Amino acid sequence: MGSFKGHALPGSFFFAMGFWWTMKNILKSVYKRQTRTCYLNSKTLLRRTEIWEGVVVLLMSLTGIAGEQFISGGPALILHKDGQWNQILGWHHTTMYLFFGLQGITQIICFTTNVLPLSSSKLMLSIAIFVETFMFYNHTHGREMIDIFVHQLLVFVGTFSGLVAFLEFLVKNNALLELLRCSLLMFQGTWFWQMAFVLYPPSGSATWNLSDIQNKMFLSMCFCWHYASILILIGVKYALANWLVKSRLRKGCTSEVGLLKHADREQESEEEV
Amino acid sequence: MGSFKGHALPGSFFFAMGFWWTMKNILKSVYKRQTRTCYLNSKTLLRRTEIWEGVVVLLMSLTGIAGEQFISGGPALILHKDGQWNQILGWHHTTMYLFFGLQGITQIICFTTNVLPLSSSKLMLSIAIFVETFMFYNHTHGREMIDIFVHQLLVFVGTFSGLVAFLEFLVKNNALLELLRCSLLMFQGTWFWQMAFVLYPPSGSATWNLSDIQNKMFLSMCFCWHYASILILIGVKYALANWLVKSRLRKGCTSEVGLLKHADREQESEEEV
Amino acid sequence: MGSFKGHALPGSFFFAMGFWWTMKNILKSVYKRQTRTCYLNSKTLLRRTEIWEGVVVLLMSLTGIAGEQFISGGPALILHKDGQWNQILGWHHTTMYLFFGLQGITQIICFTTNVLPLSSSKLMLSIAIFVETFMFYNHTHGREMIDIFVHQLLVFVGTFSGLVAFLEFLVKNNALLELLRCSLLMFQGTWFWQMAFVLYPPSGSATWNLSDIQNKMFLSMCFCWHYASILILIGVKYALANWLVKSRLRKGCTSEVGLLKHADREQESEEEV
Amino acid sequence: MGSFKGHALPGSFFFAMGFWWTMKNILKSVYKRQTRTCYLNSKTLLRRTEIWEGVVVLLMSLTGIAGEQFISGGPALILHKDGQWNQILGWHHTTMYLFFGLQGITQIICFTTNVLPLSSSKLMLSIAIFVETFMFYNHTHGREMIDIFVHQLLVFVGTFSGLVAFLEFLVKNNALLELLRCSLLMFQGTWFWQMAFVLYPPSGSATWNLSDIQNKMFLSMCFCWHYASILILIGVKYALANWLVKSRLRKGCTSEVGLLKHADREQESEEEV
């Protein structure tokens, strides 16, 4: 993973999953907000979606493990060689992917059979993120300041996402909490890309001085900008989703929905104060 | 921001918002406590107030950004100049204001349209405070002991306010939690002023020895006194609000309210034990 | 406070309050558990008790402040003398007492008038404990290892008690959480006494080597023993309270209570699984 | 405890309890999920099981205390000898066992008499785990890097288990949270065994270099693998329990259960979205 691609791959994975989950979540909540009638028939659709998500997460983690182990001189599943540990960093990454793989399997089992409680996939997600965080925390012995710092920031986001995922598991059905967790996953994704550009610039030459305090201060700010962009992206998505659902509903079951919408709004404003 | 004004400005902003929110919150809860009849007609008023708050917060953050960027030799929106980062500390402050601006926008959207869930403005507030905290944490490389310490205390209050704002988002409708968050915002405000006086004394001469441990110990105590004053201020406000609402109600719908008040008190004392 | 008495006094205060609160709490919950009929007539009694508690806390904090300021060469309310801070440690302690005083006042106002929400006294308690913790954290610059360590342990218990008090404020009506908080207050009390004996042995001679790692390891264990004793003490109290309430009820309203008790037990065992 | 056996013993205890609790918990929840009719008659069975668990925990802790104090040159209940503390590390371990003993006693009292609230055994468990964590934190002065690191990891799991146990006490009746806590206890168990093999290899020769950073990085990964295995183990148990309960129910009250199962599934899928 000590390469541009090795950081861009998990970054893309995290961003893709975050992006998809926010989209699903926003559509679901906008839909719920506008009407409650046409809502129930999409239940089997949702269940099927969850299963496919599990499959995709599993495939991603298998790709990640394969990439780490076999491409560009990975450890090739050999743990101990010549009296010492064989490329321990590559194994670290494999371990992280492994837990996300377990999450995928849990999700598939959860939504195909009726054996496990449904929130167990949330719990596994939280565990997978915490393990990733833990691994990154024990990952950067003896590197340069900026290298350690950007990994620490990843640990920082990781800890937050893990906590939010755990809260989601405890609280249940809080759409905003779900959105927060997804935004933090996208955040991890974009930050992986940033790390790739800082530590392994694709131009080849070392454009970043890894021990300059000014760079550290810039990166800590840049970190916040990433999150600001993600928040704005989510805002735009929300507006689009709202416009889409509204225009679709206008065509369909108009009058009935209008009444429901009114009742809904009333109820909400009571909750509010 | 490395000046007296640069610290007094955000201090005043925080204090003003905290002061206003405590006032609103106290009036609301005293009102609710005394009567439930005349309560519902102020709902549109409340909604309009929330929108105006959003506008004020947005204006404050724009003022802050403008001040940081253009007044007294700020970076003037130039990020990179002469091969190095251009006044990175000024950019740090800009970033903090930016997130409070996003909070303002979220609040305006929340209460004008019906698209976003109402608690999203609370969540954005929590995020804005956490970002501020994070920025201050990465802000004081290579400064003197007292300088670092007073910023750390700000980080400390910030973390607490962020957590309380997040709890508010989770728990909802807990008036005391809201009051606690407001008191912590006022606390940040007065502490900004204290920092201005310690680090950039308006008299010009350096009256504070920034590496004296005695000063550090005094400031840690002074910090608590600030909060004690704020708590007492809130207490006084509560007494005033109570007296105001009572005297107003006495004129208006007297007999009816008396009964309600009695029922209310009964109910409460049952909750209590 | 740098004396045996200065540590024994707050220790006794904490222990007394913790002891009294556990007793009240246990009696209340045992009583509730055995019967629900004779329960309601003690409501005014409870309210009156709460007011007296507030008065006692206020008196304790005033005693503490007076002791710190005027006895055995305290700062005597002079903050700045001869160009430097006057006995800043004494002022630290005064600040801690001050917040407990505010808690007392809040409690008195809460239960005499009907203005403040009842949980505000809980919130103030949590704040007072956190302030105490914060002050102790910034209290031990340049002392010896064991001296710092025993204060750190106090900070440790303080943080826990503050958190539990805050949880109490959020959750409400969880008798065990209340008991936990009281046990932690008693813990602080006994630990103050331990500190007094370690740092200022009454025999006069320095019996403890304050830089010996063996002593540190013993004290960390001793710390746990304190808590074990407190837990056992609470267990004994529980047994006594149970026996007391049972024997009293047997004399009074026998048959009726028997039925209620049975119903109670049933209900509980349903909650349990 | 500074021996292979001294680490293997508590490891086996933790693993055994974790293993048993997961089994009980899984059986209970699978049973509940499949049917609600045959459920209630096992209530007295459950209560009796809880009592026996308390007895077992008490016996384990007594064994542990006896082993620490009297076997292979323990302190033999002498705390202070020849002017210094007598084998303070052995006393540390005794203290840890002591708190688990208190937990056992609490559980026995909880479920035999009706005096204590039922959740107090959960609270005591949380306290016992926190005390264990605290003791281990203050346990490794002046040891080698790997030795400290593996103990720190134990502290890390301990903190998590303590927090989860405390959450269990607060939230109640969340089967997955219970499972999570049990999995963390099993985790502690297997990690004790790992520590035994790393620090006191049974072959006798020092096969691990305790100051090699590569070993540290391997162990941090190994730590995660332990947990992955435990998660898989729990998954397998779940499948077995499910198959067992299903095959048993098929023989018994078939038609009736089928209907219930259907209703159950319906209800659940409503909760889910």
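Read from first to last, the chains carry the letters A, B, C and D; within each, the first residue is number 1.
To be clear about the criterion, a residue touches a chain if its C-beta (ideal position, glycine included) is under 8 Å from a C-beta of that chain, and two chains touch if they have at least 3 such contacts.
Just so it is clear, the model here is predicted, and its values are computed rather than measured.
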Neighbouring chains common to subunit C and subunit D, by label: none
From subunit B, the most remote chain by mean C-alpha position: D
Equivalent interface positions on subunit B and subunit C, same or different at half: different
Chain centre separation in whole Å, for subunit C relative to subunit A (CA means): 44
Between subunit B and subunit A, distance of the C-alpha-averaged centres to the nearest whole Å: 31
Interface hub residues of subunit C, defined as touching at least two other chains: none
Touching pairs - complete list by chain label: A-B, A-D, B-C, C-D
Residue ranges of subunit A in contact with subunit B within the complex: 29-30, 33, 167, 171, 174-177, 180, 213-218, 220-221, 223-225, 227-228, 231-232, 235, 238-239, 242, 265, 268-269, 271-273
Footprint of subunit C on subunit D - complex, ascending: 43, 46-47, 84-85, 88-89, 91-92, 95, 98-99, 102, 106, 109, 114-120, 123-124, 127, 131, 134-135, 138-139, 141-142, 169-170
